[in-house]
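The first chain written gets the first letter, and so on, giving A, B and C; residue counts start at 1 in each chain.
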Amino acid sequence: MISSDMIMELVRLILYVVGFLAFALFNAAYLTLVERKVASWSQLRPGPIEVGTWGLLQPVADGLKLLGKQILTPEGADLILFKLAPVMVVVPGILCLVTLPFSDTIAPRNFNLGLLMIFSFGAIGVFAILLGGWASNNKYSSIAAARVVAQNIAYEIPMLLVVISLVFVSRTFNLHTIVDQQMGGFWHWNVLNLKASLMMPVAFLIYFICMLAETNRAPFDMVEAESELVAGAFTEYSGMGFGLFFVAEYLNIMVGCCVGTILFLGGWDCPFGLLPGLHWFLIKMYALCFAVIWVRWSFPRTQFYGLLNLSWKILIPFALANLVLTALMLKLFH
Amino acid sequence: MKAFLLKSKFEVIALQGIPAPVAGVETATAPLPLVIEMEHAARGTNLDVTVPAERVVDAAKILDDAKFMIEAITGVDWLADRQLEVVYDFTHAASGERVTVRTRISRDQPKLPTISHIYGGANWHERETHDFFGIIFTGHPQLIPLLLPEDARFHPLRKDFTA
Amino acid sequence: MSIEAQSILNETFVLNLGPQHPATHGVLRVKLTMDGEYIMDADPVIGYGHRMHEKMGENRSYAKFLPNTGRMDYIAALFNGHGYVGAVERLAGITVPERAEYIRVITSELNRISSHLLWLGAFLVDLGGFTPLLYCFDDREQILDLLESVTGSRLTFCYYRFGGVSSDIDENFAAGTRTFISRLRSRMPMYDGFVTKNIIFRKRVEGIGPISAEVCRKYGATGPVIRGSGVAYDVRKSEPYSVYPKFNFDIPVYHECDSMARYKVRIEEMVQSMRIIEQALDTLPLGPVMAEKVPRTLKPAKGDCYYNVESARGSFGVRLVSDGSENAYRLKLRSPCFSNMSLFRECSAGMLLPDALALMGSLDLVIPDMDR
């Protein structure tokens, strides 16, 4: 029989689905505007100011423009994979939002394996870019796709190592519990949790760098590498297909910043322990997003082998050291 | 000073002189001495050398051994003489001295050896001269159009060229 | 190993860089034969911007060719103009008054600074750093305003005439130039910290794209390319022209032969250009800016001559053959970018694609100058 509980649950689910789709896509769209504004401030120019005051309607204009373009399929492209790739690249970002708790009460589902779920879905995004690059039947795209895989494999490893050492400390994959353990002021936050591991701030830095690389942001944007490979894996995409790749990039940034906030910066906790809530989560998340955008416009692109060297020869040893140190301190002091 | 030292070497090469213009056609220019030394400010060169077409490779070797760098190769179409002149410009980086090497070939059979195996930069200069004048540099590894389209069969800088 | 397996391992593919490409500054096509990420052979295909200026030189009178000089290397257009009027003046025996020579030097050096600033921004964009471009354009805007006030154009200058310059400079120009120089001097430390000391930038250019002095000599590469390979060849010092002998300036030479050396040469050249401009403004003589009795239709004496100047990109030369008529008989334009690019094939063999692009960026190419 259909009980009132089930109906309530159904309504709640529908609200969350609609809400999260709206939130995710609204954020992805307006992050493009934030990016353009930060770019222009660092370059001494005003940025988008024509469409709406302060350019606030610019993402709407961009979206309408992309919708109005003709969808071209290159000759010789694998039709199914070509059309599947943009769809596949957006899905993981939205799915990850299901497990993320935004505040004490706002969380669609409280999975016990929430952290594991996020990293599993993250891998699907890489796969989608690879498919898109290969299915375009274009040499530039194939080169870019190969680079994406190499880059993402290289940077998954230190990120996972850092997160595992965090899991040692928190003893759970449940994101809600991880935040609960950090409540009470910034000295409880994981980034400053020196009782667990002396290298925690370094771990946060490693996580931030890996997040830049996983989301293919400059200085690790070999995928797009505008001045070398035109648009890399997305060269052959037009209209909304390209738009979806774009949306997915900003969505990934947002999800990466959310996860960083939850894992290291105390989630919805206030720095002084006073009024925790959704607003603090959003402030921290957007601060991390701003840092990501800021880094993009300050540095040129690294060399591809420089990028891989950084991961395999520097980040992984440090992440391993952090892991061993955490385990050691856990054994000795607890 | 460097150019002056090379003067004697060039005089050895310039023995045979310019080929005679086609019989019956009036020579537009009076015959010049073959190796002239001059002030830089007068004509923009320190040594002006005229060699026969077959000896341009030897001239280039002399300049390569003396560490000159190749500056430009170009042609001039002397329609009245029925000859094409090829002018090579060389510069010495350390001293700033210049040497100009000239040679003349007949307009109907414009052929002379390439110097691209001595100076790599001559590769492009000779391709450009071939584009504009139709001069064939024998032994050139890639004498296809450089500035003109790949299928161009005309030579714009010839004086009898009509579009 | 069987032949089939070997051919798979040695599989190369041809990749077209351009002609429409953000990193080739203009329409340049390079046919790359690649083995994975490594370049086996790079064959540049040029001529997409070829307009046959040399034939135009034969089809019109000497004065009518003056606007053409600004259209070849449009970023450093005054140098091309200087080369052409210098060649004609040499053949026709026209002496330029001193004040005009000083003005030519001042405007040329300002043009050199603006050309290097644009190169700096574009080079960083090639490497992926988009922001310094806007800072360089900020400085460059002031130069363009100064030059516009005296020449009338911002980019394709047609300012020099046979026997002098077309209009005199005034106090506003001198004051504006001095203000600009002091401002740029104060911003050089910012460029130093933002770009030269940036670790990612340094990793992209240090040791990348080596061009030995011998290769430069064989290919005729001049300008910052040869000065970054340890050879102190600058036309202003080796074959002095105009009034350059009167000024104290140094020629920056670096011996590392890599892209970083060429970068440092250009930064230092900007500083030296500022020195020259200040000395020229301080000692600017009074007098006419145009030689007297220059005929309307110029008919230089029969003969030929060569005149070269140190452009922002290298040695720009003009070989002029005159037959005594009012059109040139043969006008050869020796382009520095043409010779600089010719060494790309030999130097880029075996390089990674991004390294080859860093090398090409450090050569400072302007394709219309290469193609003429």
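The rule is short, and it goes like this: a contact is a pair of C-beta atoms (placed from the backbone, for glycine too) under 8 Å apart; a residue touches a chain by one contact, two chains touch by 3 or more.
Everything numeric in this text was worked out from a predicted model, so none of it was measured.
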Give the chains in contact with both chain A and chain C, ordered by label. none
Of all other chains, the one whose Cα centre sits farthest from chain B: A
Cα centre of chain A to Cα centre of chain C, whole Å, reads 44
Could you work out how far the Cα centre of chain B sits from that of chain C, in whole Å? 26
Chain A and chain B have mean C-alpha positions lying a whole-number Å distance apart equal to 64
Return the residues of chain B touching two or more other chains; collapse runs of consecutive numbers into ranges. none
With touch defined as at the start, can you tell me which chain C residues reach chain B in the complex? 46-47, 50, 52, 54-55, 58, 87, 90, 215-221, 226, 231-233, 235, 237-239, 303-308, 315, 317, 319, 321, 329-330, 332, 334, 338-339, 342-343, 346, 371-372
Contacts from chain B onto chain C in the complex sit at residues 40-45, 67-72, 74, 76-77, 87, 89, 91, 93-96, 98, 100, 119-121, 123-124, 128, 132, 145-149, 156-157
Residue ranges of chain A touching chain C (in the complex, touch as defined): 39, 42-45, 139-140, 143, 218-219, 221, 225-228, 230, 297-306
In their shared complex, at which residues does chain C touch chain A? 13, 15, 21-23, 37, 124-131, 133-135, 138, 198, 200-201, 203-204, 352-355, 357
